[in-house]
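Written out below as structure tokens is the structure these notes cover.
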Amino acid sequence: MRMSDSAAPGAGAPVGLAVIGAGYWGPNLVRNALATPAVRLEWLCDLDLARAHAVLGPYSTVRATASVDEVLADERVHAVAVATPAATHLDVVLAALESGKHVLVEKPLASTLADGTKLVATAEQHGLVLMLDHTYCYTPAVQRLRSLVRGGELGTLQYVDSVRINLGLVQRDIDVLWDLAPHDLSILDSILPDGVTPVAVAAHGSDPIGAGHACVAYLSVQLSTGAMAHVHVNWLSPTKIRTMILGGSARTVVWDDLNPAQRLAVYDRGVDRTGPGLVAPEVRERAQVSYRIGDMVAPTLPEREALRAVMSEFAASIAERRAPLTDGRAGLRVLALLEAASASLANGGAFVPVEHGDPLGGRP
Amino acid sequence: MRMSDSAAPGAGAPVGLAVIGAGYWGPNLVRNALATPAVRLEWLCDLDLARAHAVLGPYSTVRATASVDEVLADERVHAVAVATPAATHLDVVLAALESGKHVLVEKPLASTLADGTKLVATAEQHGLVLMLDHTYCYTPAVQRLRSLVRGGELGTLQYVDSVRINLGLVQRDIDVLWDLAPHDLSILDSILPDGVTPVAVAAHGSDPIGAGHACVAYLSVQLSTGAMAHVHVNWLSPTKIRTMILGGSARTVVWDDLNPAQRLAVYDRGVDRTGPGLVAPEVRERAQVSYRIGDMVAPTLPEREALRAVMSEFAASIAERRAPLTDGRAGLRVLALLEAASASLANGGAFVPVEHGDPLGGRP
Amino acid sequence: MRMSDSAAPGAGAPVGLAVIGAGYWGPNLVRNALATPAVRLEWLCDLDLARAHAVLGPYSTVRATASVDEVLADERVHAVAVATPAATHLDVVLAALESGKHVLVEKPLASTLADGTKLVATAEQHGLVLMLDHTYCYTPAVQRLRSLVRGGELGTLQYVDSVRINLGLVQRDIDVLWDLAPHDLSILDSILPDGVTPVAVAAHGSDPIGAGHACVAYLSVQLSTGAMAHVHVNWLSPTKIRTMILGGSARTVVWDDLNPAQRLAVYDRGVDRTGPGLVAPEVRERAQVSYRIGDMVAPTLPEREALRAVMSEFAASIAERRAPLTDGRAGLRVLALLEAASASLANGGAFVPVEHGDPLGGRP
Amino acid sequence: MRMSDSAAPGAGAPVGLAVIGAGYWGPNLVRNALATPAVRLEWLCDLDLARAHAVLGPYSTVRATASVDEVLADERVHAVAVATPAATHLDVVLAALESGKHVLVEKPLASTLADGTKLVATAEQHGLVLMLDHTYCYTPAVQRLRSLVRGGELGTLQYVDSVRINLGLVQRDIDVLWDLAPHDLSILDSILPDGVTPVAVAAHGSDPIGAGHACVAYLSVQLSTGAMAHVHVNWLSPTKIRTMILGGSARTVVWDDLNPAQRLAVYDRGVDRTGPGLVAPEVRERAQVSYRIGDMVAPTLPEREALRAVMSEFAASIAERRAPLTDGRAGLRVLALLEAASASLANGGAFVPVEHGDPLGGRP
């Protein structure tokens, strides 16, 4: 990555940051920016200035403004974190990039794959960091999942099943797939081994409350290996469930994000196919398989806020002039899956090929 | 139902019963038959006579045989419970019915909808009870679910989500859908309100261990109301999960069959659509909905073995000359869904219409 | 309560506050003070000035100091929150009170009942608020428990069982009873109905790691009604458990503070004594009791930080010139129980009378 | 052990058994005897003959009788399993032993330590097996606990905490300690390393429903090493809890008997005392300890009914002419603890020495 000089803080100096958007997620960005030494928070920007002031509170030395232009004109600002609605990402992120600012943007990157592609291309032309706030990818749990899968401990990935349901905020502009599935898809993107890619997507959904789009949806992702990943997202469930099962040929891991005492459970259990000669006569009605019933290990994970790590990675990728872990191309790959899912949803639920997982190139 | 005289026990006398099949499920039928006063167990029949003797044990006065003919020729036998592999149901059940015996048969009713239809027609011609051992429908939990849904307490049914996964026996002759989904589909069949029917089915599956058919599968069932039911079945999961969520417009119930201390949880929580005038300005980015956040009630349920109730219902339906709760037509409706699911699985996962939910007529 | 004029903020103006102590708990007091409009945080004071600065962070307008005298001399400071080690409470709180400042103090109030009594007497002489930060008493869960018990819904309180165990910080100066049991005892103090008082305490403990005092301890509190409360505190447990069961003659409630989805469960279950004539012959070997097996209700509770409510109550009690919910006398009652527990621990574990539950008078 | 010839079955032949008592537990003994090849069940004996017939059911070849004399006179009976009320054990067991029958007896062995001693002495004089049905000691979980503790994997045992509470049957003749604590005490007896013995017991209890004796009780057992074991038993709890924590210097294990998916959890976590020089200045307020925060391992355990293993051990100890795992002396050690607990309960809750853990000799 080529790095635009104007956007670089001095060596060792903190990155001057502005947060744009003081709505649902913005305050979390602010709180974590304040606690990150590698960052110097300069501005909180929101069209609703009173809201920005309220988020900062009466004791803060950080400035509030309603003007994005004021923020982008400030030389002390090297980077912006954008937490405005997805429909505004194209304009806001583009303006920031064209002002020479590095950008951290909330998911999804943009409303369409085409828009997202434009943003990634612009960032690359300017040599600027464009990072997706795929927060979950920075949790200790997902980082462990990533090393379990990519490090080989799980063996060949056989299936992925993710459930993300709770009584959620029914969005007016996007359906539940675009609201919640980016979490699961970005996690999947982050943990898949090199060379394993999604090839087709199918989605089923329903809108039982008349919200105008799906409030309950199911997504099946066919991987290039033949394995399948499945995602259940639901705004209507009275109970909150956030689990992901990653089945492997050697081990299977269950991630329950709502169980802080035991988020990950790694099972030495599974089904193996055996040769014909190994089957005892008394299992003649069964397939030629054998079962492993081993122990479960729950690794200890550090408890830390993922968004703190997002902020640090953003600052580090700027300082080190490198792509962040969740760069714009990761955002594009998620967008490609979402667009294919929408196409399947609109067309009877059959699998739709993901032809351009990354219009600008493959996974790193 | 017309009742064949030859198959009727004397008034008040127990039903003479034979269990055919001493494999995986047969011993459970035997144990419950022994404990049901309305039944008199006469025979346990298995091609493997030693196995039948082993199941009965050294203290029993019940007779064992390897001959189905011997059982069907016995006048003291009014009824048979068939727990042989599904592929044999057509022959065994047909022989029993033609010998004038009432039949309780394991799910699925038969290997194909056509075979099943033949069995139901034969039973009806002979005026004999043909009952499906849809065991779950006789659990206190499902009976409560049924009354919650059909009694109106849940309001309009909005969605159903069922998960039935564990390290299961990988079958050689049938895939995971045909093995496990009959449970979910028969439960669904039992609790849907009158007039609500499945209209289309889609299925996605994968076979990551090379078993020759799907070991992980997802089933979406479109209901005539527009609501969707979804089923996840999986033989490869190291953890056992058996939950069903029934979302309603008034209440939502979560059934966790592995939590005996709290199998059902009825939540007074949900999302309601509101009129445009009711939306406060600060939620302008949200859909026009309101949220109910009420208490949860976990009703106390009796602890009893469902198969005991199956046995009692079988005996009672014979004595009272009426159709049992889970009759042959219920079995056909489940078969129709399974056949549509297989068709979808084989054709890219799009929805396949369920044209003949019950080839012999509608739900009662 | 008589209120010293000098310590009163102007009508409607926020209470000028200083936090003394920036160690383990101080940062939480600071964070909540910053978010409480009825309070104006003026100072954070710690002997380790760098630590105070670090807690405030680089963006704050709040002042840091290492001098308690500087804080107490500031007229804009109407009140102080003391989060220094228990052994220093006597000096720090006394100085604050004698400077005319209202005081919020961490538990335990002081190292001895005598010291605590001196502090309460001083506060009362000066007409100042002396409030204990019995944080748990301000959680939505405990407030509901209090209304369940005192409002009569539970019937007569039959037993209390509290477990508070986890891999905790082994303290050098106090044992596990003095470290953890104040939580349970202050909760008990807060929820007991008027007229029900602790009359005797017994404690058993052990020090299996050679820490110099008990690391595992059990406390039994005899109540004036004959019922017993029991507390298990443990620094060595690898798992964290925080449950309290309040058994009542009409209902029993289980509080699991680590289950945010269901903190309280109110059971309509229990054992009632019945008259001799009511006992069926088949239970002749059993006591003459009957069992209620009703439903469980899990009430929805708001999720809010208790310390925010502590801060608000402190400000409100100053503004309204009234005693706070957890006043100095509540702190004395807890101290009296702790001293009796220590006496029992030192003397073979027999019950020790709590002669002076409140040396300055009874419960309000 | 000297073995009376008259009570011995022929070499390789099954042990002829009679079950005496068809009440609460008797049917479980019958069911497991029927399924144990090493045993031949000859009789079920109960004063209420109809009850005995009902337990056997209409298909059984086992004989029923109301006469203990008839059973004891039968030469085909080599052994009896006694499941009558504790108060009758002295007479029934003595008669059986004096008739030359081996005896398996429900806990507690007898109503008093003196009675129990007489039974053990009689069995030893006659060279007969006297085995306690300490069922829990034969569960896969307790057998693993035993090997974890005695095999050294846990390090030095630091504390034991056992909770056994549920809405239980309030007994008329014995309090909750004598009803439930024998389970915990027999488990403790079974897993303690050689040379570690209980030296004193204290008990606190209450009777909030007026049952005439304690319905809620707490037991503290001081071990010879200085460690403490604590037991909470309660008939009034609406929720069922059965957990035991065994804290060790190297590992700690948590047993949750109601979680079949994860009964045991072995934690590599704990607190170690460190030398003075190892403590960093910033922890100067803490004791000189260090913390281990390692993984948790949940070992896979077989699922099998413990009573089946009891029956097998009884038959094997008879055939092999050896003492069973839970012999009469184990029963005496439990009785000694119960008597000391009752003494403490009656005398203010102070520790009472266990002077004669085994009046006939020490632990093996």
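What to note about this one:
Order of writing sets the labels: A, B, C and D. Residues in every chain begin at 1.
Heads up, the rule we're going with is that a residue touches a chain if its C-beta (ideal position, glycine included) is under 8 Å from a C-beta of that chain, and two chains touch if they have at least 3 such contacts.
All of these numbers come straight from a predicted model, not from anything done at the bench.
Looking at which of A-D and C-D shares more C-beta pairs in contact, the answer is the pair C-D.
Centroid distances built from C-alpha atoms place C farthest away from chain B. With centres defined as mean CA coordinates, chain D is found 40 Å away from chain C.
Rounded to whole angstrom, the centroid-to-centroid distance between chain A and chain D, based on C-alpha atoms, equals 53 Å. Contact of a single residue of chain C with at least two other chains is seen at positions 239, 265, 269, 293, 296. By the touch criterion given at the top, residues 262, 265, 269, 293-300 of chain D touch chain A in their complex. Listed in rising order, the residues of chain B touching chain A in the complex are 23, 85, 156, 158-159, 161, 165, 167, 169-173, 202, 204-212, 215-216, 218, 220, 222, 226-228, 230, 232, 234-239, 245, 247, 249, 252, 254, 265, 267, 269-273, 285-289, 291, 293, 296, 347-351. Within the complex formed with chain A, the residues of chain C that make contact are 34-35, 41, 57, 59-62, 239-240, 258, 261.
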